[in-house]
Amino acid sequence: MKNKLVKKRSSKAGLPPGTLVHIGERHREASRVSITTYDESSFSEQASDDLAACIPLRDRPGVSWINVEGIHSIELLQKMGECYGLHPLVLEDILNTDQRPKREDYGAYLFIVLKMLSPKNGSEGVASEQVSLILGPNFVLSFQEGLAGDPFDPVRERLRGGRGKIRSLGADFLVYTLIDAIVDNYFVILENLADRIERLEEELVANPARETVGRLHALKREIIFLRKSIWPLREVISGLERRESTLVREETVVYLRDVYDHTIQIIDSVETFRDILSGLLDIYLSTISNRTNEVMKVLTIIATLFMPLTFIVGLYGMNFRYMPELEWRWGYPAVLLLMLVVVGGMLKFFRGKKWI
Amino acid sequence: MKNKLVKKRSSKAGLPPGTLVHIGERHREASRVSITTYDESSFSEQASDDLAACIPLRDRPGVSWINVEGIHSIELLQKMGECYGLHPLVLEDILNTDQRPKREDYGAYLFIVLKMLSPKNGSEGVASEQVSLILGPNFVLSFQEGLAGDPFDPVRERLRGGRGKIRSLGADFLVYTLIDAIVDNYFVILENLADRIERLEEELVANPARETVGRLHALKREIIFLRKSIWPLREVISGLERRESTLVREETVVYLRDVYDHTIQIIDSVETFRDILSGLLDIYLSTISNRTNEVMKVLTIIATLFMPLTFIVGLYGMNFRYMPELEWRWGYPAVLLLMLVVVGGMLKFFRGKKWI
Amino acid sequence: MKNKLVKKRSSKAGLPPGTLVHIGERHREASRVSITTYDESSFSEQASDDLAACIPLRDRPGVSWINVEGIHSIELLQKMGECYGLHPLVLEDILNTDQRPKREDYGAYLFIVLKMLSPKNGSEGVASEQVSLILGPNFVLSFQEGLAGDPFDPVRERLRGGRGKIRSLGADFLVYTLIDAIVDNYFVILENLADRIERLEEELVANPARETVGRLHALKREIIFLRKSIWPLREVISGLERRESTLVREETVVYLRDVYDHTIQIIDSVETFRDILSGLLDIYLSTISNRTNEVMKVLTIIATLFMPLTFIVGLYGMNFRYMPELEWRWGYPAVLLLMLVVVGGMLKFFRGKKWI
Amino acid sequence: MKNKLVKKRSSKAGLPPGTLVHIGERHREASRVSITTYDESSFSEQASDDLAACIPLRDRPGVSWINVEGIHSIELLQKMGECYGLHPLVLEDILNTDQRPKREDYGAYLFIVLKMLSPKNGSEGVASEQVSLILGPNFVLSFQEGLAGDPFDPVRERLRGGRGKIRSLGADFLVYTLIDAIVDNYFVILENLADRIERLEEELVANPARETVGRLHALKREIIFLRKSIWPLREVISGLERRESTLVREETVVYLRDVYDHTIQIIDSVETFRDILSGLLDIYLSTISNRTNEVMKVLTIIATLFMPLTFIVGLYGMNFRYMPELEWRWGYPAVLLLMLVVVGGMLKFFRGKKWI
Amino acid sequence: MKNKLVKKRSSKAGLPPGTLVHIGERHREASRVSITTYDESSFSEQASDDLAACIPLRDRPGVSWINVEGIHSIELLQKMGECYGLHPLVLEDILNTDQRPKREDYGAYLFIVLKMLSPKNGSEGVASEQVSLILGPNFVLSFQEGLAGDPFDPVRERLRGGRGKIRSLGADFLVYTLIDAIVDNYFVILENLADRIERLEEELVANPARETVGRLHALKREIIFLRKSIWPLREVISGLERRESTLVREETVVYLRDVYDHTIQIIDSVETFRDILSGLLDIYLSTISNRTNEVMKVLTIIATLFMPLTFIVGLYGMNFRYMPELEWRWGYPAVLLLMLVVVGGMLKFFRGKKWI
C-alpha cells in the first residue's frame, strides 16, 4: 500500500487560523494520556483519561512529562491548550498531521514537530506518524498520532530504571531523548530499504522481470517520502544545537550534536539510495534493449538461414515444362549440396559478426 | 485547455514606465468595488461603482478595506492612484497580470502581488488570477482580476460575524488573512493534482495507452506553472514575517510564520510531484520497450517454428525426377514426424530462453 | 541561420591589454553619431560624423547623451576615449562585441555592457547586438553595434515630446530608460519563442516528423544563448538598484527595481521554456518508440497469420506418392476450413493481447 | 564483493546515548596497543596489551601517541575513556564504524573521525576502515579498525628516523601527518579507479559486451561510496585549517592547507569520474541501439531480397491447367532473368539508402 | 590521444610533506633559465643554466623576472628555494604537475598555480601544462613544464619594446600580464572546440555515422578536463582582484578585473558547450531510433505485401485431386487479378498509415 501523495486538507480552506480540525486518519480508540514526574531521586507515573483538572506544571518540582497518544480528541487538546497557555496555531498544527518537521520558538515554550517512521505491517512500505513536542522550562508535552507501537517505551524504561544521566538532567534532555528515540528508528527503516535495494540489484543483474520496474518505482517513491520527512529535520535539530532558545541548556548541546550527526548520516544514506536507484533504472533499460537485440538476432539468423533455402526448393517446385535440372540424375543431391553450402556461408557470416 | 506560455505584453515595448496598459484577458462586465470598514465594535459594508469621490482613508477610525474586482478599468485605477498616492509603477503592475508574485515597500504602503489559483471549469488544468494587495497603516486595497469566484468571501463572512481575532487586530492582520485565503486555495489545487497523478500512476502500471504520455506532459506543464507561481511566494511571505516593513506588527508575525510554513509545505509537495512524474516517464518508456520486446518474441517464435517447416515441405514439393524419398511407402509420415521433432526442439529452445 | 558558438577573438592573444581590436561582424557603413542635450525646459538634437572637436560635457548644463551607432571605427573611439577620459580597457570592451553583460564602476563613470536582442530578418532565430553605456554625472555615452534597427528611437521620441518624467530627471534616469528599452525588447523575443514552442508542442502531439527533433534542438540552442545574455543582466541591474555607485540617484531606484522585476520574469520564462523543451524531447522519443511498436505489431500479426497458412499449403504441395489426404473427396475444403480455424484462433489471440 | 549499503546498527535503537556497542565487522584477534613518546631529542616506542595502568599523558614531556588497532574491545575503550577523560559519546562514535567523517571540539581535546580506504584484496573494489583521532594538548590517541595493513607505518618510520620536522613540532603536527597518510592513500584508490574506467572506455568503444553495464554500475557504486567518505573530509580539514580550535598551532596551518588542497583535488577527480561514467552509459546505450539497427538491416535486406523471389517461384509452382508461361520454351530462363532483375533493383534501392 | 584521467602520484604516498618528487612527464632536455630585469628606463635579459650563485633579488632596483622552463631538475629547484626562501611545500607543488589551479599567500610572497592549455600537435585534443608563479615585492619567479611552445614570448617582446604600461608598473602587473597571456590562450582552445562542435552538429543532422558517438564522447571528455582547469581559476583571480594580499597594488586591480571577466566568459562558453553536447546526444539517439523505425517499416511493407501473395500461390500449388479452381479456364488470370487487388489494398492501408 502506497503513501498518499497529500493528505486531505482542503476542508480547512476558508476557516480562520487556529480553527481546530483534525487532518489525518481518525482512530476509534480514545486518546491515552500518561503523566510522568521525576527528578534525580523520585519518579512517579500515572495514566489519566481525565484532564479536566489542569495540573499546574510550572511550579512543580522536577521534570513533568505528559504524553498524549491519539490526537483526534479536539476537546482534550483545547483543555490542554488553555491549561498550559498554548497558542491556537500550535494546537492547530498538532491536529494537522500533514505538517512538515519544524521547530518554533514561542518564547515561553518551544514547539517541535517530527515524523515517526516505522515499517508498515504486512506490506513493504513505510508508515509515517506525526509526533509533536512542547518543551517548557520544566515540562515536556508530547503528542503522538498513536497509529503504531510506542517508540517512547524505551525512554520510559530508562526513566523508571534511572539508568544514565536522564533523571539528573532537565526537560531539554528529555526532549533530546525523545528525538533520539525517533531518529534511531530511522536507521531501522534505512536498513530495511537497503536490504530491498540490494535484493533488487541482484535480481536485476540475474534476471529482470517485468514487475521489476514497478518495484523500482515503489522504492523511489518511498525514498522521496523519506527525504520529505528527513531533510527538514536537519534544520530543526541544528537550531536546537545552536541554542537559539534559552530552554536548551549548555550540557545538552553535545548530545544534540550527536543526533544531528545521525540525521546527516541518514540524509547521506538516502541520497546514496537515490543515486543507486537511478543507476538501477539505467541497468534495467539497457537490459531490455539488450534482450530485444538478442531476440532480433535469433529472428534474423533463422530468417537468413531459411529464406534462401525456401527460395531454392521453391525454384525446383516450379512446373515449367522445360527445366533441364529436374531431369538430371544428380539434380536432387546437387541442390541438397548447394543448400548446405549456403547454410555454411551464412553461419560463417554470423560468426564473423559474433552473433553466434 | 492549456495555459499560455507567456502573456502578450510586447505591445508595451517602447512606452514610458508607468504607462497604464491592461495585459491579460479583458472581461466585459464592469468592475465591482466594495468598501468594508470595521473595528472591534463596528462593521459597515458598502458596494460602490462610483469612486469619483475619493474617501480619505488615513484619518478614518478602524480598518478600511477596498476590494476591486475586475481591473481592466484604467480610469478607476487612475482615480484610486491619485486618491491614495500610489506610485504609477504600482498601478502599471496591477494592470499587468503577467507579474511574478512580489513584495515591494514604498514606505507609506506595502505592495504585494500574488497569484490566485483555482481549478479550471470543465477541464483539467489550473486557472491563474492575479491579486494585488496594498497595505497602508490603517487600510487595505485589494485588486482581483475577477475571473473566477471570489476567494475572499469567507474572509468577509468572518469580518461580518466578528469571529476570531480578525476584528480586533489591524490592517496587517487583514492582509495576512487575505494571503492565507489564497494559500489555502493552493491545497485544493495540490489535492486535485495528487489525485490525477495517482490515477496516472495506476493506469501506467495496469495498461499504459498512447495518450498517457500526452497526459503526463500536461501534468508536468501544470506543475511547471505552479512552481512559477509558488516559489516567489516564499520570499514574499518570509519578508513580511521578518518585519522588514514597520507596517507589519509584532502580533501578526506568528500568523505569517504559519502561512510561511504552508508555503514551504506546498513547495515541498510540488517538488515531490515533479520527482514522481519524472519517475512515471521512466516507467512509461520501459513499458513500451518491454512491449516491443514481447511483440518481437511472438514474431520470432512464430518465424522460428514455421520457417524450417515450410522449408521441409517445400523440399518435398520439388519436381526432380529422381527423389527417392518421394517414392517411399512411409515417406510422408516420416516427414510429419521429422517436423514434430523440429517443433519440439524449437519449443525446448524457447523454454530454455524463458520466452514461453 | 544559427548563432556562432563563439566569436573569433583568438587574434587578440598576446596583445597588451587595452589594445583596440574590433571583434565581431564588420559593417561597411560609416559610424553615425548623434548628440542630444536636454533639461526640463530645453531640448537640442544634432547629428555629427566629426568628433574632432571634443565637447566638454561635464560643465554643460542639463543632460547630454551621445549615441554612437557602428562601433568599428577605432579612431573615433580613441578620440572619444581621450576626450572623456575613458580607461583603455573600457574602449577595448566596447570594441569586443563578445562581452558578457556587466557593470563596472570606474569612479568617475559607470560602464555597462548589455545585449540587445531582436528577431532575425527572414529566418527563425535571434540576432544579438552589443550595447555599451557609460554613465557620467551629467552625461550618457551609448555605443551600438548598429546591426538592426534602433531600439532607442522611442526614447528619443519621448525626450522630444517631453512626455513623462524623463526630461526632469538626471542622466541616471536616461540610462534606466535605455536599459528598459532593451529589456522590453526581450519580451518580444520571448513571445516569439513561446509561439514556436507551442506550435512544436501541437505538432509533436499530432504528427511528429523527422525534422521535429532538429527544430527542437534549434530552439534549445536559442534558449541557451538567451540565457547567456540574460542571466548576467540580473546582477548588472541589481547592482544599480542597490546604488553601489553614487551616480545612481535615490529617485531612480524604484524604476530600476521595476526593470529588475522584468529581468527576473524573463529569466523565469526562459527556465520554464527549458523545462518544457526537455519534456518535449521525452514526448518525441516515446512517440518514436510507440511507432516502432505499432509497426512491429503489424508485422507480427501478418507473419503470424500467414506463416502457418503457408506451411499448410506447402504441406499439401509435397509430391509424395503416398499421401492419402490428397486423394480424399473433401480434402481441399477440409484444408480450407482448417485454415479458417487457424486464422480465427490467431485473431482471438491478438485480441486477447489487445493488439487489434 | 560489493560494499554493504548500510551497516547493521538498528540493534542500538532504544539504548541510552553513550552506550558502547560495537557496530561493524568483528575480528577475532585481540586489539594491539602501541605507545610512542618523542621530542626533538628522544624517542621511545612500546607495545602494550595491558592498559590497566592509566598513564597520565598530560604532564609528560614531549608528545605521546597511543595507537589502538582493533577497536572491538569495549573494556579497553572504557578504561581509556576514564583515564583520558573522554566523553561517552566519543567512545560510542569510535566503536560505531558507520560514522561519517567529522570533527568535534570537546574543549580539552579534538575528536576527528576519518575513513581509511584501501583496495580490496583479491577483488575489484574498495575496503573502508574507520580511523578515529583524538588530539590533546600534548598527546594523540588513534583508533583503527585494524582490517587491512597499517597506513601509519611510514609515519612511525619518520618518527624513528627523526626525518623532517615531525619530531620538533607538536601533537597537532602528528595529527596532520596521520591525516596526510590517510589522504595520500586516496590517490592510490583514484589511480586504480582511473585505470578501470579507462579500460572500460576502451572496451566500450571496441566491443561492448553484455556484462559491461554491470561493471559500469559497479564502478558507479564505488564512486558513490568514495564521495560519501571524501566530501565530509573537506569540511573536517578546512575547520582545522581555520584554527577553530586552539589545539592547532599557527605553524601547522600551512601543512593543513596542503592536505586540504589534496582533498579538493580528490573531490575534483571523483566528480570527473562521475561525469565520465555517465557519458559511458550513454555510449553503451547508443551502441546497443546501433547494433539492433544493424541486425534489423540484415534481416530486412534478406527478407526484401527473398520474399519476392519466393513469390515468383511459388507462382510458377501453381497447378492450374491453363498457365501458358509454363509451356513456353524459354519460360524457365525468362523467370530466372526476371528474378535477377528484381534482385538488382533491390540492391540498388539498398545502396541508395546506404544500408549496404 | 586522450588525456590521462589522473597522473601517477601514488609513488609519493608515505613520504614526508615537502619531499621533492617530480610528478608528470619527464623531458630529456635540460631546464632553461632566463633572468629579465627592467624598470621604466632600463631592460636587461640574460639566459643562465647555472644558478649556483644566488642573486639577491629583493634589494635590486626595478623588477626582476626569473623564468624556468622545464621543472624536472630537482636540484635547481632546491637551490632556488633556499635562495629565495620558498617553503618546501611550494617547491613540492611546483614539481607536482597534477595540481589544481590555486593561489596561496605565504606573507612574503604569493604562490599561484595555473594551467596552460594548447591544442595538441597532430591530433584533436588539448595539451595541459602547469605554470607556477611566485610574486614577491619586486620580483616574479615563473616555472613552466616546458612541453609546448612558450606562451610568454609576447610578454617578453612587450618588455623589450617597452610598449604599453608594462615597464612602468610593478611586479604585480607582470604577474597579471603572464596570467593574461595564459587566459588569452584559452580562447584559442575555445574556438577550436566550437569549430569541432559545429562540425559535429552539421554531421549529426546530415548523416550521423557510427563513430559520431565516439567523437561526441571525446569532446565531452575534453570539456570535462577544461572545466577542471578553468573553474578554480575564477577563485584564483577573484582573490587577487580583491587585493587579499598587499603585494597586489591598487593600479593593477582594474586589469585583474578584466582577466576575471575573461575567465567568467570562458566558463560561460564551456557550460554552453556542455549543454549543446548533451543536446547533440539526444539528437543522435533519436536519429538512431528513427532509423530503426524506417528499417522496420520497409521490412513490414515487404512482408505484408508478399506473405499473402505467397500464401495464395502456395494454395494453388497443392496437389489435391479435387480442386475445381485448377481446372477452370480463367483460374490463372483470376488468381493474378486477386493478387493485384490484395496488393492494392495493402498499399492503400500503408498510405493511410503514412508509411509510404
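Each chain carries a letter (A, B, C, D and E) given by its place in the written order, and its residues are counted from 1.
Everything below uses one rule, namely that contacts are C-beta pairs under 8 Å (C-beta built on N, C-alpha and C of every residue); 3 or more make two chains touch, one makes a residue touch a chain.
What you see is a predicted model; the values in this text were computed from it and never measured.
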item	value
Same-residue or different-residue interface between subunit C and subunit E, half as cut-off	different
Geometric centre distance via CA averages, subunit E-subunit B, whole Å	42
Where subunit A and subunit D are represented by their mean Cα positions, the distance between them in whole Å	26
Residues of subunit C whose C-beta touches two or more other chains	285, 289, 292, 296, 299, 303, 307, 310, 314, 317-319, 323
Going from subunit A towards subunit B, every chain in order around the ring	A, B, C, E, D
Complex contacts: residues of subunit E adjacent to subunit D	4-6, 8-10, 12-18, 87, 89, 92-93, 98-100, 102, 104, 106, 210, 213-214, 217, 220-221, 224-225, 228, 281, 284-285, 288-289, 291-292, 295-296, 298-299, 302-303, 305-307, 309-310, 313-314, 316-319, 323, 325-329, 331-332, 335
Sites on subunit A touched by subunit D in the complex	153-154, 158, 163-164, 166, 177, 180-181, 184-185, 187-188, 190-191, 194, 197-198, 205, 254-255, 257-258, 261, 264-265, 268-269, 272-273, 275-276, 279-280, 282-283, 285-287, 289-290, 292-293, 296-297, 299-300, 303-304, 307-308, 310-311, 314-315, 317-323, 355
